[in-house]
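Two complexes, one shared chain (chain A), two partners (chain B, chain C).
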Partner chain A sequence: MTTTETSAGVVRRSTTSAMNPHILFRSLQRALLYIALSIAAFISIFPFYWMVVGSTNTSPDIAHGKASPGSYLFQNVAAFFATVDVPRMFWNSALLALVGVALTLIVSSLAGYGFEMFKSRFRDRIFGFLLLMLSIPFAALMVPLFIMMSNLKLINTFTAVLLPGIASIFIIFYFRQATKAFPGELRDAARIDGLNEWQIFVYVYLPVMRSTYAAAIIIIFMANWNSYLWPLIILITEENKTVTLIVSALSYAYVPDYGVIMISAVFATLPTVLIFFLLQRRFVEGMLGSVK
Partner chain B sequence: MSGLKLRGVRKSFGSVEVIKGVDLDIASKEFVVFVGPSGCGKSTLLRMIAGLEAITGGELHIGDELMNDVDPSKRGIAMVFQTYALYPHMTVRENMGFALRFAKVPKDEIKRQVDEAARILELGPLMDRRPKELSGGQRQRVAIGRAIVRHPEVFLFDEPLSNLDAELRVHMRIEIARLHKELKTTIIYVTHDQVEAMTLADKIVVLRDGVVEQVGTPLQLYDNPDNLFVAGFIGSPKMNFLKGIMENGAVRLPDYENRIVPTGVRAADGTPVTVGIRPEHFKEGGSAALPLTVDIVEHLGGETYAYARHGNGDLLTLATGNDRAVGSGDSYEAKFDPASMLIFDAGGLRIR
Partner chain C sequence: MASRVVVREHINGWLFIAPALILLGIFMIYPIIWSLWMSFQTGRGMNFSFGGLANIQRLFADTVFLRALGNTMIFLVVQVPIMIILALLFAVALNDTKLWGRSFFRTAIFLPCVTSLVAYAVLFKSMFSAEGVVNATLVGLGLDPVPWLTDPFWAKVLIIMAITWRWTGYNMIFYLAALQNVDRSIYEAARIDGVPPWARFLYITLPMLKPVILFTTVISTIGTLQLFDEPYNITQGGPSQATLTLSYYIYDLTFRFMPSFGYSATVSWVIVVLVGILTFVQFLVAREGRRA
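And now, the complex of A and B:
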């Protein structure tokens, strides 16, 4: 009798102890996941937070690691505007970014469209060669490109900053992939409706693929706005320099004013944040595929 | 309105020939259906007529004009696609008027023509919607409307109903037939569905592997197929095929206890043949009979089909004349009139 009871008790105990580790394991797994995500979120957000908070503090406060908002924002802004020609650098950056977006979109989206739409024996070989070019680091291209620009007498011009990026292999690849989802019958219908290839591109492809374009605008705009190394090499005179060059130059000062650096970083970040939020929905659609 | 003439039309993709010399005459105002199994080249042939695929060899005339190298928009054709191919960013009205806009037709004239097409297709309340706000049937009607607006000499339809559900397909089939009556234009219609072909066509073109197997009216093809392929393809349910051997002006059926069925068809004794009998040709009162055992019964309400076999032989389809009493496992004496048999030689050609 006792044995039975004991054995029954053992059985019951074993059942409950089998449930518990399972639930415990699931909870632990979930907790670890959230901890990992929280750390990742902290790592992503903290620099941004530090930048925003830093822009409201004095240089010594920032140097001492003060991470709470201060009251020095307006002084920092005033110092920033007094130190550098803000409108000029923003104009330079905006001009380069926007013209860069327009030119890259025209050239690279046309190339991506062409690669997908027009069949030729050499198509995939050429495309493979292009993709191979992606593996060449910019550092290896820098010097030949500089010599090329020098020979073309384009040093210290915006043209030289823009030229190498216009045929962006990544954007061509991105558009080719996106074009795979563009229904061929739409092009056929447009041909029967009397449109030539250019008109099909402008009046049918472009509006149908607008989400892809929106995503590409964000990618190219950010890349151009944040571009540092190539403009640093090409742009020499102060009046041609862009936001990234000037912001980074602020930290080269003998006694750098961290408050000014932080507020300049905030200003430098604003346009990309703005454009991302404006096009966010289309960006997500574009990354998922434009055509539904 | 224009007819079409195809002479030795060929199409190759690299070394693969997909259309192997098509000769065809299509009269003005005729409703012609290209039918055939997947990969037979029917859509390619249609796209060649449309100008969307280049013609590798031969001549295509629309009306009296050689059209081999003419731009699709200048061939006097309009096409309705399987996926409708409506421009997703435009409203119904814009979709329908798009071709006219590029033909530099004045705005008020575009409006008049679009409204006229909308009236014919009863699209009135949908004109300001975008394609994604429409049902499959409505999209199909817009696609047809877009074609009508261009006032083409020839309408081309590429499997236009295959994306619709069964009920809507029947409805749209009737709509298209009505449209043909109203517009009185030449229509070339591609489908793999032989019921669509039978119900819509003035003339059916049966294609296989890029070759025209037979051209004729639906009933000509049904009653008088030239070969085994056409006999098997046209008709639903399919024609039954039995092995036979010609002997003394009759056919011996080796799989059916060597039964002898008399036939008016003449062929040398000992010639192996295939005997074709349509399901509805099995009926009471026939002088020949096959002893079968019913395997499966399908009650459609208006008709009852029995699938039956003899021993371990082929499964035959029988239209029982709506005999609702027939059940699975029953013995069934499938009687038929020997005159309804079609005889094909070993190469699949009809022996008449």
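And now, the complex of A and C:
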């Protein structure tokens, strides 16, 4: 009997008999592993299934746990569009997420590049201090930021939602780490060609670091699209609310319409799920960020 | 000549990081210092008057605060270890290249990370409602329905299950990436020496992954101490404040009740101090382990 196992012990034992306890134990272990993983996968996927199936069922059916597809999809979508200004809500979220991505990317990638390319002891100390600030919870900033925004008369504006997130320590850190891999010879060559530091950044660094930017775009977009607490505090009127705020408000209703809630959850989840499946590898790289 | 280059280098170094530093100064450093100042002020709304340690005294007499603190600590102590262990086990299982359906399981377990916190919270709320799909299943299996949303104990369990669902795959991805870097020949050698799988996990995998485990524990701790979206959208902090968290209480103090900015700043500094202490302890534990 042949075996692919390299372990001497296993080879010796497995030659004695095909039904020996060791192999039996191993296949039992294997079976248990598959059962455990299947249960985990089922639990992970079920809420997505529940969401999609729920959007085709009536509210009472969902409340009573009906987990099979129904024929109420059209009515739910119609009710959703009747209760909520859907295009407006989508536009608000998209605008905030995309403008947020652009501003955060510019400010934070410039800083990440600056910290890595122009080293000085003082700036390194500032960077170390910023890393410490990374652990400052948002809850501690929320009260003063709210007062600040109300003093500036910015409550209920997108400006107030965006401002605190533009300089992201995490993204600065991410770009600094990535910049370590940027070849110094490219920069030297560009200098010899007479480019100034800003031209080097735009014409040499940006194209070379495309994949870093792509991953950063995904991280920032996800964070902005899903952000909740700060917009909840800042955005008051109905026409300014984002998708997450609407989803939450629908489920807070005195008599929640579960069908409409399911549709709204589909709307909230669709963009991020699409990004995930289209850009899976980038997505995971982005999540891992600078830890590598 | 040389000095002019140095000066220009210096100026550029500051210019690249200036936008980020200015924004961080205004929207992070200034608010955090202001919030420290506020935490020693008493008074309603914007009428601050110096209260010395009055707010800190108020903390100890405030049963709602103590309950929020207790709940947050329970979530932290129970949920973070469960999630980290699950994520580790999944990562080790899915790191096996011979495992059939590996990428399916990996994608499935990771999928919850792409949902927004609000969307999944709303889904969980409907799944775990009194007659929802989970209880319907339990009844179908001949078990008693569980009062997930109305019983203080089960509401906590529900929040813990929800967070575990959302974040286990996220942590698993970090471990999987770290396992890629572990030299396979070490395992091969251990196997030839007859080291059983559990011992390989305990004495090779765990020590190798220690930096990543530390990192994920720290970010999970910071995240859990700021828990807001889930209790706000699944249980509304109830029943009878059983799932009220510190962030939730700060939100209530600032935006629900007659605003008491000074006192909510004090509560938010409790989170800052807890993050500081726990991060320090976790680093200490990790270092102790390395010496042993």
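Throughout what follows, the second predicted complex is superposed on the first by the 235 of 292 C-alpha atoms of A that agree within 3 Å, B and C clash if a C-alpha of one lies under 4 Å from a C-alpha of the other, contacts with A are read in each partner's own complex, and residues count from 1 in each chain.
The rule is short, and it goes like this: contacts are C-beta pairs under 8 Å (C-beta built on N, C-alpha and C of every residue); 3 or more make two chains touch, one makes a residue touch a chain.
Since the model is a prediction, treat every value here as computed from it, not as a measurement.
*Asks:* Is A:263 contacted by the first partner chain B, the second partner chain C, both or neither?
*Replies:* neither
*Asks:* Among the partners chain B and chain C, which is in contact with a greater number of residues of chain A?
*Replies:* The partner making contact with more of chain A's residues is C.
*Asks:* Tell me the contact category for A:137 with respect to chain B and chain C: first, second, both or neither.
*Replies:* The answer is second: A:137 touches chain C but not chain B.
*Asks:* For A:41, select first, second, both or neither according to whether it touches chain B, chain C, the two together, or no partner.
*Replies:* second
*Asks:* Is A:220 touching the first partner chain B, the second partner chain C, both, or neither of them?
*Replies:* In the superposition, A:220 contacts neither chain B nor chain C.
*Asks:* State whether A:96 touches chain B only (first), chain C only (second), both chains, or neither.
*Replies:* A:96 sits against neither chain B nor chain C.
*Asks:* Let me test your reading of the model: by the given contact rule, A:160 touches which partner, first (chain B), second (chain C), both or neither?
*Replies:* In the superposition, A:160 touches no partner, neither chain B nor chain C.
*Asks:* Which chain A residues are contacted by chain C in one complex and by chain B in the other?
*Replies:* Correct list for chain A: 291-292.
*Asks:* Which residues, counting only chain A, touch chain B once they are in their complex?
*Replies:* Residue positions touching the partner: 183, 185-186, 188-195, 199, 204, 207-208, 210, 291-292.
*Asks:* If you look only at chain C, which of its residues touch chain A in the complex?
*Replies:* Those residues of chain C that touch chain A are 9-10, 12-17, 19-21, 23-24, 27-32, 34-35, 38, 46, 90, 93-94, 99-101, 104-105, 107-127, 129, 131-137, 165, 169-170, 173-174, 177, 188, 191-192, 194, 212, 215, 218, 222, 225-226, 228-229, 232-233, 246-247, 250-251, 254-255, 261, 264-265, 268-269, 271-272, 275-276, 279.
*Asks:* Inside the complex, what are the residues of chain A that reach chain C?
*Replies:* Those residues of chain A that touch chain C are 6-9, 33-34, 36-37, 40-41, 43-45, 47-48, 50-51, 54, 62-67, 106-108, 110-111, 113-115, 117-120, 123, 126, 130, 133, 135-148, 163-164, 166-167, 169, 172, 197, 201, 222, 225-226, 228-229, 233, 243-244, 247-248, 250-251, 258, 261-262, 264-265, 268-269, 272-273, 275-276, 280, 283-284, 287-288, 291-292.
*Asks:* Could you pull out which chain B residues touch chain A in their complex?
*Replies:* The touching residues are 47, 50-52, 71-74, 77-79, 81-83, 85-89, 98-99, 102-103, 132, 146, 150.
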